[in-house]
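A short worksheet on the structure shown next.
Chain nomenclature is as follows: A, B and C, assigned in order of appearance, with residue numbering initiated at 1 for each chain independently.
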Amino acid sequence: MTNEVTTEILATHVMELAKSGKRLDGRALDEYRPVKITPGYVTSADGSALVELGDTKVLCGVKLEPGTPYADTPNAGTLTTNAEVVPLSSPDYEPGPPSPAAVELSRVVDRAIRAAETIDLKELVVTPGEKCWTCFVDIHILDDCGNLIDAALLAAAAALKNAVLPAKRFEVGEDSPLKVHHIPIETTFVRLGDAIVVDPTSEEEGTTQGRLTIATDETGNVVAMQKGKVGAFSPQDVVSLVDRALAHGNRLRTLLPGGNHP
Amino acid sequence: MGSVGAKDVPQLLDANGKRIDGRGLEELRPLKIEAGVLTRANGSAYVEWGENKVMAAVYGPREVHPRHMQENTKAVVQCRYNMASFSVDERKKPGLDRRSQEISKVISEAFESVLFVEEYPRTSIGIYIEILQANAGTRCAGIVAASVALADAGIPMSDLVPAIAVGKVGGKLAVDLRKEEDNYGEADMPMALVPKSGRLVLLQMEGHMTAPEMAQALEMGVRGCQQVYEVQKDALKRRYAIQRPTEAV
Amino acid sequence: MEEQREGRRPRREGRRPDHHRHHDRRPDHRSEHRGGPPSPASHGTGPELTNERILVLPGDEIDARGLNPGYGTYREGGKVFASVMGIVSLRPPIARVIPFSGPYVPTVGDMVIAIVMDVGPTYWLVDLRASHYAPLHHSGTPWKIEYGECGEYLRPGDSIVVQIEGIDPTSRIMVTMNGDGLGKLSGGILQMVSPTKVPRIIGKAGSMIKMIQQYTGVKVVVGQNGRIWLDGSPEGILKARKALQIIDVEGQRHGLTDHIKLFLEGKEDG
């Protein structure tokens, strides 16, 4: 049972540890928690993956359905990314419309998928202006023990790599794997005093003075970023974090089904 | 119950009386339960029942938010049954539709029947059920999971609550319907039982059954629940296999 | 005696429901339950009547040997049943279930670690991990506080050691910070364990906690509500936290003390 309020002494302790290069769970400042990816977890989805990042658990299901292209992009299919932060995931859930944090999570993951051109939406057109595939990336947060952004994109990337276009079900041809062209990986850092640590736990998130998420692709490009929480980073911080994000991205990508290859 | 043209109706029973997936009329789909699967919840359980995959978590008893919801004489049991958008063939719009709201309500009431709510006035007990993959009988799978999660959370209750659906397929009564049987069968009757008292705390029914069929269906349901009950108990015992009394003697 | 103790009457079929709707609404709930908070005499004082390790689940009947039902049990139709999962304890005059998990059940006299959640003009609301927050009145502190100035002494997020002073019949909990070993904590960190595991954390005559202190050099304050305060070197705290986590997960497995000792000596992994 870790449903606990952040205490002042915890915040102080986390900061003091960080000062001497240490963390609450014994990790090094630049050490990621263990990652376990289970592709194809849900057979009712056209692609899916369960991601366990330490104790954080996130499930992503991809659904592909026939739809209509947007009027301003008649030659492209559509992509919708949505993260559901459900009340089972933490004691902090409040009923009502999605919290700003949940909306941010959806949008940050969506941005990385789009910017990396993970899938080529043009390939999802069946008849320009009339018929296309609609790709829904739905992310279900099951256990929030910190760093939902990275876990959610890992799950989404694994689910997309695992997805099949269900053409047969909709009587528009034969099933074929969804083509994944690039693999974005998000790496999130938080500032704890002068130290900047990767892959924060929920305890560290409660203490942080600024969060920076950097999405990179397998070609070495930065494709999306998001600074969140109260606090700030210097341009020099960002430059060094990009290097760290690239290294983490390259390693995490090899854990996906099919490894580093799109 | 789906109603479709006769030519679309699959044959639900074969010449030997076997069901579409080869089961006998009183045979359950494989049921697997694991208790204590989540870190942040006070209690949790994961259920795989046939092709259903369900996660349940319990929080509480805890302070009620918003405060005007609290009751001075008992705990408020708040169940939320939710289907993941990818849990069904055709993507479901995220959020609680009317069906989910109704199911949440009857499940809350089912559990309030066994929880000692008067012991925790002005608090809430949150029971959260997420259907991750659905193949008929999700509300029953949800109750089965939630019941184990409540016991895992150590919240006092008079008994575990097993659940099962009984239906009518190809003119015969059968337990634990799968999707095709639910869609094309003649009746579906989900129920949840308190084994110790032999009473039903959830009962719904849709379709057509005669009064004698109903009596038989209820008996089959009670027998089915007994089987589910054993799997629930086994899951809890496995969860605590290495546990010992926590007393310093 | 037995009849008098029946708190709720069995459902009578055929009566007009509106006369006793409260009971009819809960047909499976017509029993006297002794599970919830707070029951002053929830522990018996006599010798344990059973050496057997009887594991029970909710709904299992308990052979209470005529003892009064205590925590984790309820009586129905003259029989005693378990309401939580755990191990049966029969210590006259109480039969109860020692639970494996569950909310903290406050008991008068318990020393607990509370966290300040809110500040009022003459009191604070504190979280004890119980089902309700508890008010700490300013008179329950060593300070002379003017009206409206509570926030200058304790703020939300502060951790304090308090004692349960009283519990009224509607489960409202009164706490005090006046007494030996009570007060505000500064420095260190709180590790959470299941409140039901606290006796194991302490060990026989404090043996477990002494061992942890000895090997890690950390200062330890054990709250009965399963909040454990640790202060010392980062390495010591990390090691102590891991030891507490092992005890929390593995309960009282055979040879737990030796296992923890080996872990603390660095000879065995958690």
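Just a few scattered comments:
Operating definition for what follows: a contact is a pair of C-beta atoms (placed from the backbone, for glycine too) under 8 Å apart; a residue touches a chain by one contact, two chains touch by 3 or more.
Treat the numbers as computed from the prediction; the structure is a model and nothing was measured.
The chains other than chain C, linked only through touching, hold together as one piece. Should one ask which of B-C and A-C has more C-beta pairs in contact, the pair is B-C.
Taking the mean of each chain's C-alpha atoms as its centre, the chain lying closest to the overall protein C-alpha centroid is B. Remark: chain B and chain C have CA centroids separated by 30 Å (rounded to whole angstrom). Between the Cα centres of chain A and chain C there is a gap of 39 Å. Shared interface positions of chain B, defined as residues touching 2 or more other chains, are 42, 62. Across the assembly, chain C contributes no residue in contact with two or more other chains.
Shared interface positions of chain A, i.e. residues touching 2 or more other chains, are given as 1-2.
For chain B in complex with chain A, the residues that touch the partner chain are 38-42, 44, 51, 53, 55-57, 59, 62, 65, 80, 82, 84-91, 94, 126, 128-130, 132-135.
Listed in rising order, the residues of chain B touching chain C in the complex are 42-43, 60-63, 72, 75, 112-114, 116, 118-123, 151-160, 194-197, 199, 201, 233, 236-237, 240, 242-249.
Chain contact summary for the complex, chain C toward chain B: residues 25-29, 31, 33, 35-37, 48, 53, 55, 57-59, 72, 74, 76, 81, 83-87, 89, 98-103, 131-133, 170-171, 196-200, 202-204, 250-254, 256. For chain A in complex with chain C, the residues that touch the partner chain are 1-2, 4-13, 16-17, 20, 22, 24-26. Chain A contributes residues 1-3, 41-45, 48, 55, 57, 59, 61-63, 65, 82, 84, 86-91, 94, 136, 138, 140, 142-145, 169, 202 to its touches with chain B in the complex.
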